[in-house]
Structures are given as structure tokens and as C-alpha cells.
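Here come two complexes built around chain A, the first alongside chain B, the second alongside chain C.
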Partner chain A sequence: MSGPAWTVTPAERYELSAEHALAYVPPDGAFALYNDYAQRRSVLVPTPSPVRPEDVVATWRDQLVGPPPRRLAPQETVEGYGTFTFPYGPVSMGVPESGRFDVITYGERILELGPLGGYKSRHVLNALAGATIEDAALRIERLAGNVSASHVAAFLAAAESARGESVPRSELWVRALAQELQRVYNHVHVLARIAEAASQNVGSAQSHALAEEILRLQGRAFGHRWLFGALLPGGPARHLDPPDRKALDRELQRCAREFDALWELFLDSRTFIDRIQSTCPVDRASAVHWGGVGPTLRACGVRWDDRLRVPGPPYNDLFLALPEERDGDALARLLVRVQEVRASFLLIEQMLDRWPPGPGSPEPASSPVLPGRGLGRVEAPSGDLVYDVSVANGKLASVSARTPSQANWPLFALGMRNAVFTDFHFALESFGLLFAETDR
Partner chain B sequence: MDGWGVLLTLSVALFFGSAVVAAARPKLGYATSAVASALLLAASVEALVGGPIQGAAWSGPLGDPESLALNGLSAFFALAASLVWVATAVYSVTYDERRSPWLAVCFSLTLGAIALLVASSSLLLFLIGWETMTIASYGMILQATGRRGRVFSAAFVFLVFGEASTLFVILAVAGLRVGTGTFAEVPYVAAGGLSTLVFVAALLGFALKMGVAPFHMSEWLPIAHSSAPSNASAVLSSTLTLAGAYGLFRVLSLLGAPPLWWGAVTLGIGAVSVLLGALFAAVSEHTKGLPAYSTIENNGLILVALGIALLARAEGLETLYVFALFAAFFQALAHAVAKTALFLAAGWAEHATGTFDLTSIAGGVKDGDRGALLGTLSATLSLSAAPPLAGFVAEWMVLESLFQSYQFVPAWVQFLGLVAGAAVALGAGLIVIAMVKFLGFGLLWNPSAARPARRSRGLSVPIAAVGAVVLGLGVGAPWVLRFLAPAVSSFAGVPAIAPVGSLLSVPNGWSILSGSPFGILSPPMVPITIGIGACVAAGYYLLGRRPGPSVRRSPVWMAGSPPGRPGEVYTSFGYGTGLRLMMATILGTREIRSSAGAVSEAGLATPVPYSVDLEVLDVFKLFYDDLVRGGEAVAAALKGWVMTGHLGRYLAYILIVVLAVVIYVAAAT
Partner chain C sequence: MPSWIERSWTRGILTTRYPRTPASEAETPATARAPVPPQGAPIPPSAVASCPVEAISPRGVDQGRCIRCARCLTQGLRLDGAAESAVSARSELLLPAGGGTTRPTAPLASLGRSLHLFLVDVGSCNACNLEVVALANPFYDSQRLGLFFTNSPRHADVLLVVGVPTEPMVEPLRRAYEAMPGPKAVVAIGACPISGGAFRGNPGLRGSIDELLPVDVYVPGCPPTPIQILDAILRLRGAGRREG
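This part shows the complex of A and B:
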């Protein structure tokens, strides 16, 4: 594919050049999506050389026989005396998922880090053509269980936009509640993982316990610990009655207090802070250049959050703090997450207080970008998540997504240059990266 | 002169005879050297067991009686050296395949010179042997392969350090001659300025030869930089430095009771050498530079033990004095033997792979001879002080001596012992990294890129034999110590009893005791205990064995990726880099990057292809480089008005010197 004549951020150019063309370039091959940070919007631009149908078939066939590992971030070859590639993963202790890292090193210090995906490809999105929205939602929420609510919400928004449907107001509130709960869970989980890597055993155990409590609350409120099936079209599995809301509110306030106390404990541990301070720094220019999203971006001083981009219900009715840090290191990313946990607790408190009494007025979905094709966009725990859905005759024609992990892998790889090997886990966990989100 | 005396004289003569033979038939020359070494070995064993040997005697040019003789001290050093030479000479018969006979000639000459200086009964003969040794070794280094300029400069560095050493040794001998009025070995016990001069000159001269810090350039540079032939390296590193240690012991044995600071200085130099030698060995990527650095560490250990002995003597601690001497002697023996195996193995690996670079070899000797591998394993384990090998016993004895520095009265000496103990312990830890690198990346480890070795018994048998000796010395350490007792008595001038005894049910004499109520170790019990455990395990395995294949071979697990792709194997360099980064202040580690490809947009962390090299500096080498530059500048400045090239002016210089001598002699008499 020849280089486009206009600005497409490198993360996306990178994705375009990867063989996983279906993920980003729709079958008609006419458009590609990119983030316009200056205008705070996402834009579809025509691609100069559309993917030909035979290319798509070839891609499909390759994927069915098992694609070769593919690079998730740019990586350069390094020469030098004693320099070698240390293969880390896909089945190694310390690599949490099936994914591999090519560590180019002369020992101890990481010169280049190349995350390789493809080991976990399940072809979930590619296999959705022809499925109904309900079937598709069931599969999409299983793509990455930790962030199921965000994926389903983004997918549903895109599908509704493609079909020009309106959505009951209460539906949007339920989706938002589920996403905020899951955001709290994910951020606490990241904290627990970093504490684990730093051998902060007490802090790690307490964080895991707190994360487990959030999971149980999700189960009580939505009927499933991982919120599977909770946001299916046609309404949530369970409606929140006033007593339920009151109980949930009480429990969450207790969790919020627990979290604050826990974070105070972490702040007291100088060794913990030392371990993540100035670890894997990402500078602001690189973050913007490579199209970073979420806490990674906000930790470098870029105030960008999809919930505030075009605020729709319920965020247009609620107070939402937008945290920002400037150092761009693992500590800054963690600080952003901690503040986001507090912001989410506050959001949930407001939501449960002002819960709409009935289905409410139907909210029109955002207008489709093309006839039969819509974009859905939410702020997932690790950042901006976009779904691109085409429908034909009431069935799905194609589904593709740009996940936050996809956007942040290059920044992780660049931040790790010149780090020592022991920084690896702190850095990886601080980005909240998931191979499951890139191997779809 | 009895039969043994004839044998001793014959062996020394045979070394020089083999140099003549080698000029015509190099391989026959090596064989003759091996025979001479064996004769010297027999003579030195007899001297230790049956008492001093008197060889040929004649009247020297200055009227002093000259003779070849072995007393306890010289017999010990002759024993250690001849053990090494037998193996090295046999190895050389196969190893040296060059057309030019010069390597063989210089090899035999070096051996003969060392034998001469060890067996000399007068200091004049010692000096002659010493200088012959330096010149002949210089000849061996010149036979190195590689760029000529590099070889010449390395050999020149060796010669400069060697001659500087000779100057100091001459000064020390001259001091003794002035003090005693003869070159014969007469003790000079008077304390005072002359004693101090002799000690300082001897310490400097012999430390230069031992290559300890800060003179370690003299040891590693000619060996590593010039890729000197492996048999030459073994002789240089194992026995040339041993000759330095011998000289120091010999001069000290002639001096009276040492003041406290002699021991302190020796201990300090030794401790610094241990630390630096081990550190540089661990970051070395040269199969011969690494053992050469390790030699610095081991010579440092000898000096540490000697330092403790001198301190103990100054403080009047008889038991510790004798024990530390035993430690120094055992350390010298253990190191000389084990280090030989390493250099011979380096030559063996070079034969197979054509390189001395550990990172390039990367475990490339595949299907190598099992005996040679086991021999090298024994030697490397010994040098990393693994029980029950010789190096372990030696290291234990040195550390036990250091532990007893609490007995010294002045607090600063106690503190020095403490610091030196920490340095020695750290060095012992660091050297393990070096030995793992040498063994693992040099010989054992087998990635897919391994090349099959040319099997050659002539190379592998000596290595295996040396490895067996290392094991034997370790397991039989209590008996070896008893055997060494005459050497210690001869040096100390007091009857020395080997520090052996019993503990619990261990038979009497099977254990080494450090001081009457201090540490205890029984080297023979280690293999016995391991053997019992192995028998139990083997019995369990044999009794419980089920029919059918019990061995399953599978490719190495590479975390789910295809195994052993080129470029995906851990390098020897990578193994040492942790140390390079941690010790960056001492090693002066710096990274040099060069971008090969396009430059990224300004200010963005966009990757571009680059090459990277991590360099390690030796601050002492920088110092010497500066010294050389300074010397050259001074010489260039002086050239204009001192060395003008006018014959008349040179004659005037000679006249001035002669007049000055005449006036000095006239004033003195």
C-alpha cells in the first residue's frame, strides 16, 4: 500500500501496513479512521489504494491457517558486539497472556522491544459477518473479559448508528454504569498487578481483594461478574430497583473509602514509588505522534477523554473530573488511574442518585458515517475504543475495531528503550495492555 | 653431589639442550622439554620428601660459590612449575604446527631459565635466570598470530614491564649484596633503611612480574592483545607469575623480622588485585584474556595470604603465621595447575573454532572430547572455589587466615583485615561469573550453530590429566599440606607442622585446622559424602527402574517459540553486562551508538536503525597510556639538547660518569 498523501497517525499507518487489513480498512476499502486531536474528533478519510477483494480473501485464508506473529509496534534492527534477541514469551513466566516480546539487548538493558501478537487470534470479529446484533454482542463481550462492557457498549453504539436506531435513555445509563464499574475494577486490578511486580504483598493482596469486591458487586447488580449478557439489546438483564441502587451505593461508598485508605498505604511505601517513578517514560510529543490514548495519553499532559469529547447521556448530566499528569512515567499513569477511580466512584454516586425513573425519551443514535455503516466510540479503561460496524439487511456485514491496546503498544515499546529488564513488568502493567484486544 | 643432584643438574641442562634440539626438530624439542620437566618433578618431590638436594657446584665469576640446589622453598616452586610444564610440553607436541621453530626454542629456553632461577643457590645465578626468562618469554609472545603491529606492541609492553621488574630485582639483590657482602644466600637480619629498600624493591620488582594491581597490564595485555600461542600463555600465566611469587618469597626468607607495614602493604596490594582481577575477568570476552585476569586475582590471593603471614610474624602469632604460609603455598600450587588447564582448553577451542572470542565461540565446541571437557570443568570449578577441588581448599585457607585478623593488636590492622576479607569474598563471587562464562560459552553450551571439534588426543589428554591433578590436590589436601611442610619450614626458618587434625569421627589427619581453636575442613569427606548419596540415589534408581525407554529427548523449550533461531541465543557478552552496568564507575562503562539509517523527525522517539557498542575501560591502562605519552613528550623535549647526535658530546657524558664513579670510590675508601 503506497503512503497516503495526508496525515494519518503512525499507529494507524502501522496498522494499515500490517497484514491484518480487515481490522482497519473496511471491505470496500474506501476509508480509514484517524484521530484528529486538534479538532478533538475522529475522522474518516478515503484511502488512496483500496483493498482489492482478492487481497481480503488472501488475508482471510492466511488467518484461517494461523497467521505468523505480527508486530504490534515499530522496531528497529540493532547491530553491535554481543547484541542478541531475547525471546520473551509466548509461554514464559511473567507474560500474562499468550504474546511474545522480542527483546533486543546486549544483556540487562533493553535496546529495542518488539511486542509480537497473533498467538491469541480467535477471529472473533472476522467471523461476525452475517450474524445478528445479539449474537455478535455475546461474542464481542468475550473478546476481553476485563473490558467487556466497553466493547459491547461501543459495538452497540456503532450498530445503532449504522441502523439509525434510537435508544431508550435508561439503556444508555445502564451502559454507563456498567462501564464505570468496570473502569474501577480495571484500575484497581492494574494497581494490584504493579504491587505484585514490586513484591508489595500486603498491598497487592488488599488490592486484589478490593477488585474482587467490585466484581461481586457487578455480579449482584448485573447478574454476571464479568457483565456478560448484561448489556444485550433489549435491555439489561436486571433492572435496578431503588433498594438495589441504595444497597449498591452504600457498598460502593465503602469501597471508595477502602480504596482511599489503600492508596494512602501505597504512598507511604517509598520503595514502591521509587520502583515506578521514571519507569518507562513516554513524552508528550511521542504520545501525540503515535496516537496514544487513555491514561497513557493523559499522563503526558494531554487532556483527551472520549466521555468529554461529545458528551451524550448520561455524561452530559453529570460532573466528570478529567485527571491529568505531566511526567508520562509509570507513576504518572498510575496516578491518573487512581484519580479516575475516584472520578468513577463520584460518577456512579451521581448516577445512582439521579437514576431515570422510566425508560425515558428515546435518544437518537449518532448519524451513520455512510449509509449502513456507523462508528461507536467509548472511553474504555485503557483509553479510546472505536467500533466500526456495517450492516446490510439487518445482519452484520463487517465489524472492525481500534482498541486502546492497539494504539498504546508502540508507546510501550518506545518507552522501554534503554530501560533495564527488571522494569518490564511495572511498565507493561502500567499501560493496561491486553494481547486479547489486539489479537481479535 | 649424589644421584638426585645429578638428576637435578641433568634436568636443568636438558631444558637448554631441548632448545637446541627444537631449533632443528620442534616437536622433538617439546618432547625433550617434557622429559626434563619430569626429571625436575622427580627431583623436587625428592627434595620435599628426602631433604635438600645439592647439584653441580662451581666457582662464580665474582668469586662466590655457585651451585644448583633445591631446598624446601625452591623445591616447592620447582614442583608446581614442573607439574605444569609436563602437561604443557606434551600438549605442545600436538598444538604447535607452525613451520618456524622459534616458538619451540623460546618455549624450552623459558622453561630452562625458570628452572635455573629456581634451582640457583646464589642470587647472581638467580638474576641470570630471571633475565633469560624475560627475554625468552618476549620471544614467545612475538610468535603470536594476528596483526604484526599489535603483536609487536604487546610484546613490547611485556618487555618494558619485564625490564622494569628486572631493574627493581637487581636493586633488591644489590641491596642484599651490600648488606651481606656476598651473592650467596646469607640471611640479612639487620633492620633499618637497607632492609626497607630491599623489601620495597623486591615487592615492586616481583609484583610487576606477578602482574598484580596496579601492574596488571604486564600480565593480561601481552596474553590477550597479541593472541599469544596457548602453550606460551599457559607458561606465562601459570609459571612466569609463579617465578615472581618465588622471588618474593626467596628475598623475604633472607630478610629479618618484618615490620608491621610490610604485611599491611602486601595485604592491601593483594586485596585490590583480587577485586580488580575478578571484576575484569568477569567482563572479559577473550578466552585467554579472561584466564589472564583470573591469574591477577589468584596472585592477589597469594599476596593476601603472604600479607597475613607477615603481619602474624610481626605480631608474633606463630600458629597464624604458619597457617597463612600454608595457605599461600597451597594457593600458588592450586592456581598454577588449574590455570594451565584453562589456557590449554582455550587453545583446544581455538583449534576447533578458529577464534579466541567467547561471544563468537558461543559454546561452539560440539561433541568435544569428554576427557578434555571434564578436565576443564575440574579446573574452572576449582578456580571458582567449588569443593572439594584444590582452589576451594586454597580459598578457604586464605579466608580463614583473614578471619583471624581479629588477633592483631593495632585496630587499623584489624580494620585492614576486615576490608581485605570483604574484597577477597567479593572477588571470589565475581570470579564465578567469569568461570561460568569460560566454561559455558567457551566449551559446554551447544546451540545449533556449534561446530564439531577436531578430536585430538594430544590436546585433550593433557587437559584431562591436569583436571585430575586439580581434583586430587583438593581431595588429598591434608596429605598435600603435610608434603608441603618442608617448604614452609624452609621459608619460615622454624619447623612447621602441617595444620591437620581430626574432628568427630573423621579420622585423624583427614581434616585441615586453621589455628588451634578456629575453623576446620575435611576435603576428603566431601567426595565420600557425595559418593554415599550418589550410591543411595543410584541404588534407588536401579531398583525402581521399569522396562522400556527411560530417556526422552526433546528440543529445548524456548517459551513456545521455535528453538535456537540464529540471533536468539544468549551471548557471553550479555551474561557479563549486568556487571558492566552495575560497576560502571570502576569499569568506566560507556555506550557508543551510531545511527546507520535515516534520522527521525526532530524531537520524536521514532526508531531508526543503529549500531550499539558497550565499552569497558581499564583506568590503569589509561594511566599508563598517559604515562607513555608524557614520557614521549619529555623525550622529545630532551632530544634537542641532551641527545644531539654529536659523538663528542656522548664521549663527554661517558667521561663525566667515569669521573663521578672515581670520585665516589675515592671518597668511600
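This part shows the complex of A and C:
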């Protein structure tokens, strides 16, 4: 199978910059600039005609929605004696997801790496037009199951904003609790996967065990191990009464201690640290230029996090320590994740401690960006997640999203240039990229 | 200085005793169980209307479609039934109105002892993949039962399929199946491969895995728990061999 005939020259690549290629362009041509960290609020600048970095970007966008395989990052053609393209995937590549990587190489060294998606496209968002919010939410949490809480929270926030609905304050707390639990799960899972790639068998087994414990706690508190339905009215029963919260808090404090002890041992393992240090580096300028988000961005010295950027309840009442690293390599990304696990444990502890006694005063949704159209954004485990929802007559008119994986794929491809093939798994896992999020 | 060995000792044994003992409460969250029709009574029409994936009809509840959203629980159904739910025929996933199940318990006995497993994701949300991969973690420790994950279909005895089959994955799936040496078995994991799950009817998708491969075991759920997946795989071994 040959890849799509689409390449960009370095000059064009410049055109495919953060605002143009990666900022997500809503369907009716309004242009949303999502990468403006200076702003305290979501910026949506409606313009009569789309901004025109045009043909290149049009090609890019066709690639993003067209049939597979489609490019998830721009790719240069590399030519030279002995170079060839090695397609890796879509099955049997040691990654539990289906996707493909086109590796241009002449042997050991990777000259260019192109992630290709579309194998898992389930057309989830397109098929939502005409559905009710509640039915749509059930599909959206099944878009990427391991980050379901973030997706549902962002979607619900956008839908509430579009409909001008207020939400009971306690619901916002429940959503935040679910998201922080899932952040812990995902970061611990990344640690386990990296340890697995580095053949740290005991470390990986123990990290996987810790991740399993978090899943079980989620199952106990929310009735579902992956929190499906748990954030919706009519979902499985939640167990968050005072005795349940106390038990949850106790278990989580034990998990937090486990995690600290585990990480200390990882830090002692020089071979482990050496393996990920300076692997797949992303420099600050590229991260900003390409619009990277989440731990990827914070690992190269940009302290940007939606939980602090647009603080709503409960985050505006809680203490959040935001980590930052500067080296931008796989180690830096892992260090950010490790500190975020601790920060999330601390957030959860505070939440369980100060849990609102009743539903609380209804919290007004953020104002719609256009009539009947709202944005919702949350900090998902791998970064800034944006949903854009239009509502007509109480039903959904359109739903689109800019996911953290979409923003970070190009940085992974960039970091893999000139890497050796054995770096692949360490690099991939350290970004926390999901094909499920881009194949929607 | 603490060491890995010391840590492993202080952690103690985490591994479940399943299948020697039944699955514990911690291994069985509420949504691991299927919604069952009320005993000796017809299914209320409001329950039929409440289901977002048309899993409920006056005839019964189709577990193969159910995504465990728990909505029908306010309409007279309850999450109940056995924690292990794997069956060998699609029709057995229908829980008929009026109560009672048709779930068989006999092992299928098509394969021998030690099994090599190959996972193919044909369009999943990752929850099913991760539940399968979780079998290797110390809590389930599938190796103690002689179950091993392999990265090549050439070494595999059992094909584990997760996700709703997308058009571009049809060919890779078929090739993976053909590359497996016989005798071989296929396990469909989750509502997605069985019926399309939450995405049934979306464009570009095959309706179910049945159109593509002969399926030996179906595991309903969204996602099924690791114990349910383990149970399904163990059913492929002959009687008396469940415990490895």
C-alpha cells in the first residue's frame, strides 16, 4: 500500500504553522485561534472568509478527514542512495492500537517518520448531528475510552454553553474528580509502558498494578472502570457519600505513597533514565510553533494548562502545583507526568476533603461564542482538548473537536527525525498519543 | 536503600485466585453485569424506549448490543446475572423476556493447554484493548495460566478482536487471521465487534465481526472486565484445563 502523494517543502512547512494547520478550523469558516496563551479566555474570532494559507492547508485538511491512510503530521520527501520507506503497522507493531507509521530510512537511522491514521475512523462526531446531548455523550466517551472523562467534560461544557444552561456546582466537582483520577491512571500507564519498553520488568509490572488499582477505584466510585456513563444523569450509580469518599481518600493516599516509592526506584535505575534522556527531543520553539499541548509543551518550558488558564469550579478553589521541565526530551515529558500525578493526588485529596454538601448553587455556563454554539475546553491527560458544539432545537447540529493527540502528532514526527529505530517505543509512549483521538 | 526485590516482597501477592475461586467484588464493578429483564413479567415499553442502542425489544435484551449505560435501570431492568458472560453463539446473548438465561457453562474444548494470544484492534476506543492488555498485569497474571501475548499472528492460537470493524481494517484483519496456523480460534471482545456497539450504523463500518470471520467466543460488555475476557479465553480449553 503506498502512502498519499502529499509532501511539503520547508517553505510550505512554515506556512503550516500552529495557527494555520493545527488550530482547528470550525466547519462554517469561523476561525478559532486556540493557541493564544496570553489570553485568559477562549478566543473565537469569526471572520467572513477563512484565513488563507490556503492550498497547502486545504490539502492538509483533506488529509485529516479523507479516507485512510491519512497523514497526521506533515512529511518531507527524503531522497538519497539506499533510502526506502518502511511501513510499520497497522497491526503487529507492539502498540495495542491500529495505525501506521511510514519510516523513511536507509537502515538503522530514521530520516523521517510519518504517522498515518484513519484505520480506526468510526465517524463518531459526524454521525452525531440530530442526536440528543445525552445520547451523543455516550458516543463521545467511547471515542477514546482511556480519556473518556475529559472528552465528556469538554463536550458537556460546550453543549451547556451553547444552550446557555447552568450546571449544579456538584456536577462540576464530580467531573473534575473523574478527570483527575483518569489523569493519574493515564500517566501511570505511560510510565508502565515506558518501563516495559526499557525492559524494566519489575517496575513495569508494579506500575501496571498501580494503574489497575486506579481502575478498580474508579469502578467502585463510579460503577464503571472507564467512567462510561458515570458523568451523565441516569448513568451507573455513583458512590460518593461521606463514607465512600473517606474510603476513596484512604485508598488513594496509599496509592500515592506506592507511586512515590515506585518512582524513587525508577530514579535509582541509571539504565532506565539513560534510555529516555535526550530521546526524541522537542525544542521550545517548535513546540510553540506547531501548537503542542499538555505535558509535551510543559516539558519544554511552557507552563500552560487549561486548569489554570480558564479556572472554573472547582479548580479556582483548589491548590494546583503545575510542573515544568526544560529539556523537552522523553525524560522531561515523563518527569512532568510524574509531578502531575502527585499534583492530581493532591487535588483529589483537597476535593474529597471539601466536597460540596449538596448540589450547590447552579453555576452558569460560559457564554456562547455565537448564538447556539459553544466551546468547551479541558486539560486532558495529554493536553488541551477543545470541543465545539452547535445546537439547534435542543438537538445537536454539529460537533467537532481539536484533541491533544492531533496537536502533538507533528511534534512526535519532528522529534523522531534522526533518531534510531530503537527509540521508537520510548518516544511514542512519552507523548501519550492516541490514534483513537485522531481517528474520529 | 530500598530495592525492587524488597518492594515486591512488601507488596505481597496481588494476583487473583480466579478461576479457582469466583471473581471478587473488586473485580466486578456494577457495569460488568448485564441488564436482565424482570422475572415473569413483560419488558415495559418505557425500557425499550430508554435504550440508546436498541438493545431492548419486547422479546428480550440483546447483550451483544448493550453498552452498559445503565439507563434502563430506572425502567424496571436491573444489572444482574453472572459476572462471567462469554457464550459461543450470537443467539445466546439474547436474554429473553420473562427471565432466565440461555448461557451455557460447558467449556468449548477446541484448543489445548497453553495458548498464544494475538490482539487486533479493528476500531476500538482503547478501553477494550487496555482491558485485554491488563490480563498481563500482576493482578491477573495470565502467564500463570499458560496464556501468552505474542506480537505476531504466526505464533498465535487465539485471535482477540476488539473494536468495531472499520472498512480499512477488514483486509489487515483477514490477513492476520490467515497468517495464524491452525487450529485457531477467534474471540470477539466487547459490544463493538459483536454488533457495532455505540457506533452501529455509522458510515464506513461493517455491522459485525461475524461478517468477516468465524467467531468462537463472544464476550459482551463495553468493555468486558479482564476477568470476563480471561473466562472467555479459558473456555477455549478442554474440561479440567481451565486452571492451567
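Details
FYI, the second predicted complex is superposed on the first by the 376 of 440 C-alpha atoms of A that agree within 3 Å, B and C clash if a C-alpha of one lies under 4 Å from a C-alpha of the other, contacts with A are read in each partner's own complex, and residues count from 1 in each chain.
Keep this in mind: a contact is a pair of C-beta atoms (placed from the backbone, for glycine too) under 8 Å apart; a residue touches a chain by one contact, two chains touch by 3 or more.
Owing to the predicted nature of the structure, the values given are computational and were not obtained by experimental measurement.
Touch criterion not met for A:Ser405: it reaches neither chain B nor chain C. Contacts of A:Asn146 after superposition on the shared chain: chain C is touched, whereas chain B is not.
Here chain B and chain C are compared by how many residues of chain A each touches, and C touches more. Within the superposed three-chain model, A:Ser430 lies out of touch with both chain B and chain C [touch as defined at top].
Looking at the shared chain after the overlay, A:Arg225 reaches chain C, while chain B stays out of its contact range. Of the two partner chains, chain B is the only one that A:His289 touches; chain C does not reach it.
When the two complexes are overlaid on their common chain A, residue A:Pro90 makes contact with chain B and with chain C alike.
Of the two partner chains, chain B is the only one that A:Glu79 touches; chain C does not reach it.
In the superposed model, A:Gly203 makes contact with chain C only, not with chain B.
Judged by the document's definition of touching, chain A residues 90-92, 98, 119 lie at the interface with chain B and also at the interface with chain C. Residue ranges of chain B in contact with chain A, taken from their complex: 285, 359, 558-561, 567-578, 580-581, 596-597, 601, 603-614.
Within the complex formed with chain C, the chain A residues making contact are 67-69, 90-94, 96-98, 118-124, 126-127, 134-135, 138-139, 142-146, 148, 189, 202-203, 205-206, 208-209, 211-212, 215-216, 219-220, 223-226, 228-229, 234-237, 261-262, 264-265, 268, 434, 436, 439. Residues 10, 74-92, 98, 100, 105-109, 111-112, 119, 283, 285-286, 289, 414, 417, 420 of chain A are the ones that touch chain B when the two sit in their complex. Put simply, chain C touches chain A in their complex at residues 1-5, 7-8, 11, 14, 26-27, 29-31, 52, 67-71, 74, 79, 118-134, 136-139, 151-153, 163-164, 166, 168-169, 172-173, 176, 197-199, 201-205, 222-223, 225.
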